[in-house]
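In the two complexes that follow, chain A is the common piece, with chain B as its partner first and chain C second.
After this line comes the complex of A and B, so read on.
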């Protein structure tokens, strides 16, 4: 499918709202469910994801079109994308540990697990499949990250409000979180009539 | 063939480039440089390389903060007051700290990192805590379950401790124990012969340290320990003293009795030593000798389930049964308990009911 018709800003907004990677593609669910108990830590993880997604989408674009394609090594794209992502997550971890020890402890094991956050690899693969340009790819990565953050922060806010609520016993914890995620996904589907990027 | 080499080189090049970038980032982000740690307003001043936890940094400098879990953040013992340079309170610390402690800047030292200059406060007695090397001078059975272990110090060659305190014995790697662990044992000997210590070790089935001491260790072997630790020691007052021990819980009590005999403390004192059967009692001659040296000392031996052949004339029942009978008014007493946790818990409950203020009941649980 030719995507040249869509400009970078359109893709950016579409990635946030109409094609939210978390709520329409259901990628990056595990940390979405695990770290969304508080707005503060959701926001921290969200910023880390935005940074990693934006940078890695650009970098992966360059790696794919300037290293893998010329050498005819497109079949190496998974391993190449994964090491770029892993190196970036390592960098983000170092930065967070240095700048915010509290956030570092709250994120705990989920920070290194961004490495295998499927949303991030998903962005890299989608941009190849949809034949985005460099600018479109970065816009898609940034929009995807912001969309993911929007979803997890909204989830964090809802779960904070729910803390005092009476929830039927069998639905406590992950049960209610999945129901909320489903309702949020329905809400985001309402945006999908505006623009379609798949 | 060319393509194969080329693609491998390209992929390796990518990896190498990323590794190089990370290395550069780490040398900038992971480098904290030289940090000064001021302890107790200038009592000690450490110059260290930042980046490690406060606990392990202090350990490297020979200052041993008590820690049972070895820095995993699961015991909450390694408290240190950090007045400057500790950074924000971490979620891994809050479960261990009371609100007043947080106000006093108390921190869990294994959780915070040295990231710059710090001003900390630690109890001065922690400076006495050292790492000792010692030789096994004697190792023999007190009962069929309890061994006495006498250690002669090599380096440093003397130890300063308060009678009643404990040390952390280092169990080296051996067949049953893949990595070295530390276990706490109370010192049973007098503080006035500082060139050695005596420990009492009850055999615990499957216990890493007790199996080592009971089955592997021999006289002449070299072992390491660090200490002394703990706030189980005789308080200075005019109150009547209740000493309660079961099994190897007698160890710190023996050290306290040495102190009373040597310092001529003649406060009215009752020692209650409980065991299951007569064969589980030990140190009876030593206790008898203390009766002559400590004027105020009364000794009660209690067996909870004496055998027929014991022909037991003394007290029967658990130590709590004895205390129930002999303690009428606890208001003028203070108590020192040492033994298994169940005994300690039951005794604390009973003695507070009898009127001994809770803050005057001191105990060491042997687990």
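After this line comes the complex of A and C, so read on.
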């Protein structure tokens, strides 16, 4: 199961920079384009994603290797992961609502959105395909979440500045957002010499 | 009434409410698998299958599904069809299955399918739901193929793995990498929308 030479911290940094889940794997694009109009809401969604992604990647690891594999039910991993993610998000929402109203105001409206965020499921599927250990999976989840947040906050900042810019009408909204994302991805390609995970 | 509608339902999904460039849904996979035409074709077909079948299933079950848990039911229906696709690809097209990697599984969270089930199939009978599924599935596949056509042509100088560019052609490596996908989809949306804008103006004048 161990991938040689890739310790958890290496995977953590690789997931943030060289293999940024949004800019190289295109995961979580829908909410990326919809929410990234301003820094504030991007940040809120980002924190929710970091939290949920870190926890669910660990949970999904346990579910896959201790529940599905022993019974030979690997094909049901899609259903299992979706249920784990949905249940976890629901649970977190209830806990936060009771215990921390401040946190609920910050994260509350974003939590339901996360269930359908493909990045969360994507991280779980990548960790199975790449045969990560438990520690590596959690590191990948945390790094992936931080990388995603980094990208969406940067995007929110750029789009705030763009408000006054003159853009051809058909290009407004998603069109220009995609092209900016392309430029950002180009910048992130520069990191790719540092570490490679596959 | 029914006859007129069924054709327009199909066209609506294909063009007027095209999931990718009109509603900006489901572009995760649109970007990830489009560097080779053949992968894109398989992805498109899988998606058409899943969206059509789950639309029909949701439509059949629409009267007995409790409203409160309908999202969960829809997700499970979609996931079951995705599992079928995944197993089939693994058995018959193992290479492509490896190349598509997690993106087959990600069809589940592709907002197009959930969107169609929620917006259309839940309130309509079997036949329109079937057409709606095929329409929006094809709309998605067409855009994907357009993006993939240019990316493969510029990035590898080939189409479906067959070399078409002459020897002197220098491959645009950037088109194969991630940034190329963003640029290409951005440009496609730009072009299509500028045509769409004219169409809408014409409609308003009428």
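To be clear about the criterion, the second predicted complex is superposed on the first by the 175 of 198 C-alpha atoms of A that agree within 3 Å, B and C clash if a C-alpha of one lies under 4 Å from a C-alpha of the other, contacts with A are read in each partner's own complex, and residues count from 1 in each chain.
In the analysis below, contacts are C-beta pairs under 8 Å (C-beta built on N, C-alpha and C of every residue); 3 or more make two chains touch, one makes a residue touch a chain.
The model shown is predicted, which means the values in this text are computed figures rather than measured ones.
Once the two complexes are laid over each other on the shared chain, residue contacts for A:42 go to neither chain B nor chain C. Counting the residues of chain A touched by each of chain B and chain C gives the higher count for C. In the superposition on chain A, A:91 makes contact with chain B only, while chain C stays out of contact range.
When the two structures are aligned on the shared chain, A:129 is found in touch with chain C, with no touch to chain B. Using the contact criterion defined above for the overlaid structures, shared-chain residue A:19 touches neither chain B nor chain C, since it reaches no partner.
In the superposed pair of complexes, A:76 makes contact with chain B and with chain C alike. Residues 76, 79 of chain A contact both chain B in one complex and chain C in the other. Within the complex formed with chain A, the residues of chain B that make contact are 3, 6-7, 10-11, 14-15, 18-19, 21-22, 25-26, 29-30, 87-92, 111-113. Note for the complex: chain A touches chain C at residues 23-30, 33-34, 75-79, 82, 86, 116-118, 121-122, 125-126, 129, 168-171, 173-179, 181-183, 185-186, 188-189.
Residues 24-29, 31-32, 72, 75-76, 79-80, 82-83, 86-87, 101-102, 105-106, 108-111, 114, 174, 177-183, 185-187, 189-191, 193-194, 196-197 of chain C are the ones that touch chain A when the two sit in their complex. Only residues 63, 67-68, 71-73, 76, 79-80, 83-84, 87, 90-91, 94-95, 97-98, 101-102, 105-106 of chain A touch chain B when the two sit together in their complex.
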